[in-house]
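Just passing along the structure, written as structure tokens.
Every chain is named by a letter (A, B, C and D) in the order it is written, and numbering of its residues begins at 1.
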């Protein structure tokens, strides 16, 4: 662990809808992962979950509309790494999202993002009000998958 | 130039006071510089100015208080690259900041940050209300220094 | 992503290098496979030794390629998938869908 | 930042590698110079060939070192400063304050 002085405990970002930003966000989540003592495996899965959430916000939420914005909030509190992604889309009905591991869905070429997010994070919560907000929590020192 | 589709035209960040974030912000300003067609020299000076503004917000504004936040906004509009840094400090009197190039100040070991910002950017403006906000503008395709 | 294509007898080995994610690599991969499936009965070995990262879009892309090749009466197999990619396929029940190898000559021999 | 110290006759060459910015390199540099100024009449050559980046804090640090060495009756000179660092010193009227060289043997010879 580094000294609290140099620790990053809170970063909030808002950016115009663009996939180009993803490569610039990854170092931020990685840096916080290191700070929290996650090994490189855990870092990998946390980034994967974060990327899936951002992809969904950009693609399904904001539908690539560059006038819309995506918000990302990463906070560290009481050993909990909390990642929130918010878009300006129409929301969706979580209960209608098919389970990709059901036999009839296994060979579909999409629909695994949410499943991965839930697999690699300790908690994933959705709210849809003025867009979609997904909050993902990773508790300290549990390793995935 | 890349396609507008992947362009980053707006990034806003808010983070807890920490110097550790600087390394994570540099790729963002660099990426936008590339997008705007600045060469690596211009990139270097734009980052230097940005870093000086962030250093001042962290050090003089928020006085390293990790409970306070720094806000950075980078926007691209009409070929103008605009960088805004805001802190939660007490502000200061710009007119009282000594000119580092005056003979009596040349050998001082501090006091050059603002001067560099003004040297490398086309426009630098300060407002002090609920903290300090510095806005720096770089117009497209003018090279520095 | 970089793609290199080599032929070993009847088998086409596609060496992938980089990331297979949304907006990066996915389209390139699709185009390369599309090209290869214009011939009949294609035998394709995707060498993923240098694929450092893949997300759900990448997994979807892999499946799309697999199915495109199958429809053409061909076969697509995987070579050198990392533990992490194996995990991604495993937890979505896809590991058994793909035939995969850790050794190029074994992989080539398997095409018969 | 990495610091390596070598002696060439009476001159101590300090090889710097990395960044001299606030919170990075500045303290290390200060400590290294502090160490060296404990001897009398120190002759120090700061080799900045591998200093890729410096901000206003770095410039201030350089000056602090310069002055600390002077107070000790010594001399501090610069070796291999990049165009960008030269620009930083130039526009703040500091280039004439420092003696600087592009060639190590010339620099060493200059200490007399």
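The rule is short, and it goes like this: contacts are C-beta pairs under 8 Å (C-beta built on N, C-alpha and C of every residue); 3 or more make two chains touch, one makes a residue touch a chain.
Only a predicted model underlies this, so the values are computations on that prediction, with no experimental measurement involved.
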item: Contacts common to subunit A and subunit C (chain labels); value: none
item: Distance from subunit D to subunit C - Cα centre to Cα centre, in angstrom; value: 54
item: Between subunit A and subunit B, centroid-to-centroid distance (C-alpha), Å; value: 29
item: Rounded Å distance, subunit B centre to subunit C centre (Cα mean); value: 46
item: Set of subunit B residues in contact with two or more other chains; value: 6, 19
item: Where subunit D touches two or more other chains, by residue; value: 23
item: Chain pairs that touch, as defined at the top of this document; value: A-B, A-C, B-D
item: Interface residues, subunit D side, partner subunit B - complex; value: 21-24, 53, 55-57, 59-61, 63-64, 67, 84, 87-88, 91-94, 97
item: Residues of subunit B defined as touching subunit A within the complex; value: 2, 4-16, 18-21, 23-24, 27-28, 31, 64, 66, 69
item: Complex contact set, residues of subunit A against subunit C; value: 19, 22, 41, 44, 48, 51-52, 55, 59, 100-101, 106-113, 115-116, 119, 145
